């Protein structure tokens, strides 16, 4: 059994890692780290786990993490990971970082949108953990920058089409809608149920930090630099993300070509379901699972792609575990083949 | 006092008309018609109105409507209005129809998306009741085709910009999100709380009947025919609609020009609020009111417009009453100046 | 016109006072006080009021309040009101305090559940503002302790029955359920939508501070001291409160006697609706209104009373305005006769 | 592997059985029966299961069920099971019926609340499947009447206390609150999201069919006949049930005795968690799991018990599988040890 540590175990992504890794057949969760709840039983913070997870949260101590784990999941706010990852890597640990610190290759772009990067030398060694696209590099990696939730929902439908030149890369617009758990667990007026429920809004319009992350990845799979227009919205629900993408079709591209492209790209992948016929994605169909569902429609020369993921699973903890599975040579679906809920 | 009749009073739009017109200072609601609840007290169907509205729903009888009302609101499924409107008009009634039957000028377009039109001769006399745009024609009208909720949310932000050639009319995409009351009150699996809450989906992608309605109106204010890409989505909330519109700016158009255009177009209008600075629309800010809030952002050469309305008020019953106010020379805000709710 | 000040205008109860008083025909809202948002436009805090309320929040300054208002509504956390009410009263202002500071007559009870009382001499002059029960005293009062939301929902159904000895006062259990706005607007984990929605819980079981408030009032209308068992619960909704009360019927009391008692007690009251036949209260039927709906059923010798109010209206701001109406001789329904919403 | 059939697989309880049994290590789901969706792929009805469950719903044909299954789960409306269970039992099948048809021992009581019973001879052979209480009988049973969701939430906290005479059995009141999935999947106005969300109500007050079921079971574990007052309420959420039970303590019973009684009764049970200290049940802590959480508080001589279950799991499908595990000698937690979700 591999020994796994979860740092930031009491945030929503961290707790989701606890859920998934506790049920993983190849993993012993040997360490839960929480700066806020150090010394507190995990099932006091999340009483759902009473009788299921019997562990006490520990303070963040890199030496102890190195002693007690083989693979480390970091579910921390950006800036903290870059301060501890170098030591973890130098001690031979496999690291999967769910923050933005190791997602962006170009340190200048990172620094423009976040803050100075203190471990920029590791950026070239880090692999962007979009499993269906970069699986080969992931298998050889020691450090994964686990993709953001919005980028995952935008990139999976687009990359196959861009690689085959089926769409105009200057025309891409992504209108994304997320459940509120994506905002994290820290209290603020913005997550007050009375300010969120029975309402809908856009936020960080064309200024979200996931926009440069998306642009950089799309630019690597395209012949030219790509900038997409990206507008996130907040849905009054806990989990789930649905993204509607608009772009212009290349000449002579029809339904059939899009369908073939997506299906052939994803035909052997466990977690991408290309929908056909009347079906379109809904977030409830992927709730609690690592699936990304993709559907599309064509309106004259315009392609409309729709993707749905669970922002905490394929958009965070699930993809992180999928990355670990690839890195360690486990079955890609190990720990992730839980049943969906009908309601 | 004007005598008003509400036909289809027990659907959501009809009941909203009951709410607004009961509080209207110039109106006596003299007749509530409900095919389903004929003979039943209105406050049995909507117990919220116990002690507030004391009326019994009546069967649909055109002669009695003509005898007992001066102005008639039709909140019925399309197809029924076209069968009774000719008689109402010939008897000199003012008619505001909330269905699609008198919204579309071109009978062929109507028939392609709905069914054969049996009162097509009235189409040329009907006025499209988008109050801020067609107020002059509305004042002179006897028959109003009250705009759909989605068209209202799409047209109000776009029309001023199109009239001033600030955007490329071939580039328009409207990604719209609606609360569930827009689906009406009839039970179906699609409105089951367990199938809708905690989920988000697109539906009728590029195939919604409001698309040709939008296209026709935009084409009348533009030099060339317009077709927009329109994708509606369902939000797990009762009321509210937010639409995010994407289009390409014309050459040399900047923030200031957009701001000026919208503000000058709407500066004397009671119900359109153009937001500035950091503010962006959220549906809760217009809940229960007749306001349409509009905000925008620019992303390089692309304009992002965001509008919010209450689908049952500015998107249906409120605009219908606003139309009546204009037709009858009342103060435009009469009955519509209720306070918003903070929560 | 009477000049009204609202202190604590940006909390949920305060903002609801802004909503109601702005629409009140006899009132000019001359002052909004907010400690947190002093100097900020009210419509920046609540953008729903853009174009509706044009006022800037002010700091808490008792002299200015005295200069600019005739009646003062205090929507503040307990402890603050007792520090400013003596001065307001001595300057001849009418004061309606929505906190607990002037609700409880017995200072010892107050101090056991809250903190030392620094204005205990005013307790005997304060009137408990349960309008349907103490209207005479309210008309003569200068200082109102506006009832808590839970006490309002418990007391209105019980008091008529206790006064007529129809129930065993030792047997009373109140199982109450409230929407989340009752928890106030300050962010905390407890109001995070992800921790509240799709869940239901009891809290402060038999230890809520509204319990002694209820007990004291019931004891004054009864021959003997009363202690009820009171358990509040949190419902994943914004507004509304439904309370289910269980008690043992006195000998020979039947449906008819209960019905007669409630109906005769409330027959001339504007805001209590005693339901009959098949009807039972639901919180949506009173949403946004000052109504208290009451229904009941009998199970052998046990009476089940059910009441519904909007916790922010009849449970707070609405009843506060009703108190003002009584104190100042206005029509009791002035400002409170807004239409309910069907959805 | 045991061959299991699920009859009524497309209702919410049936689909939950599909979820649990598909993940069960000892079970092959060999047959899904749906009268409404016969001939339709299960993943068309529940697209969440695309790529997970590959089966087509079949018509209800008892012979085929007998040929293809060893154990049969019936998730059908009452009345239908009694027409097919005799044949299934005579053919040697193990049957777990989730309807009310085999829960009540006294046919007269059943017939008073439901309809004539056409298989009353089987009632004496059927075992009431409350696993923690009747496990011995369940192990020997061929036919299980799987308990209702409300009875499960009421009986588990009460039975240990009644058996030890710690409470007055004449004093019991159960105030229960359920998510909407308990109402089933058939569309009706009562489950329309606009009629349910943002509201709270009681229904079938002291007249719910689960009341006689509860009374009969409590009477069997008590020395005297028991009738409890039972009031169900509807919570605007999909899943979950919380029940607050009030009763009078017997003489000299204190916190410690209640705590000891519950803990000793449930100490070896996998699915009942007796909470201690500050903890109280919330439905989200048991969501998606087979747990029943129990907490309590004492208010003078009155005991307040609070239980929480997932109405579709411990209240339906989960307990049904737990019954199968007991009947067939499997590990009691097989298929039911899935991880809870943190959000």
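Residue numbering begins at 1 within each chain, and the chains themselves are lettered A, B, C and D in the order written.
Here is the rule we use: a residue touches a chain if its C-beta (ideal position, glycine included) is under 8 Å from a C-beta of that chain, and two chains touch if they have at least 3 such contacts.
These figures come from a predicted structure and were not determined experimentally.
Its interface matching that of C-D in over half of the contact pairs by residue number, A-B stands out among A-D, B-C or A-B. When the interfaces A-C and A-B are ranked by how many C-beta pairs touch across them, A-B comes first. Centroid to centroid, with C-alpha atoms defining each point, chain A and chain D lie 37 Å apart.
Annotation: 46 Å between the Cα-based centres of chain A and chain C. The distance from the centre of chain A to the centre of chain B, with each centre set as the mean of the Cα atoms, comes to 39 Å. Across the assembly, chain B contributes residues 12, 181, 194, 197-198, 236-239, 282, 284, 287, 343 that each touch 2 or more other chains. Listing the residues of chain A that touch chain C in their complex gives 12, 180-181, 185, 187-189, 191-194, 196-198, 236-238. Residues 173, 175, 177, 179, 194-195, 197-203, 205-207, 227, 229, 231, 233, 235-240, 242, 244, 246, 280-284, 287, 297-300, 302, 304, 306, 343 of chain D are the ones that touch chain C when the two sit in their complex. Chain D makes touch with chain A in their complex at residues 12, 15-16, 18-20, 22-23, 46-52, 181, 197-198, 238-239, 273, 275, 279, 282, 284-289, 291, 293, 312, 338-343.
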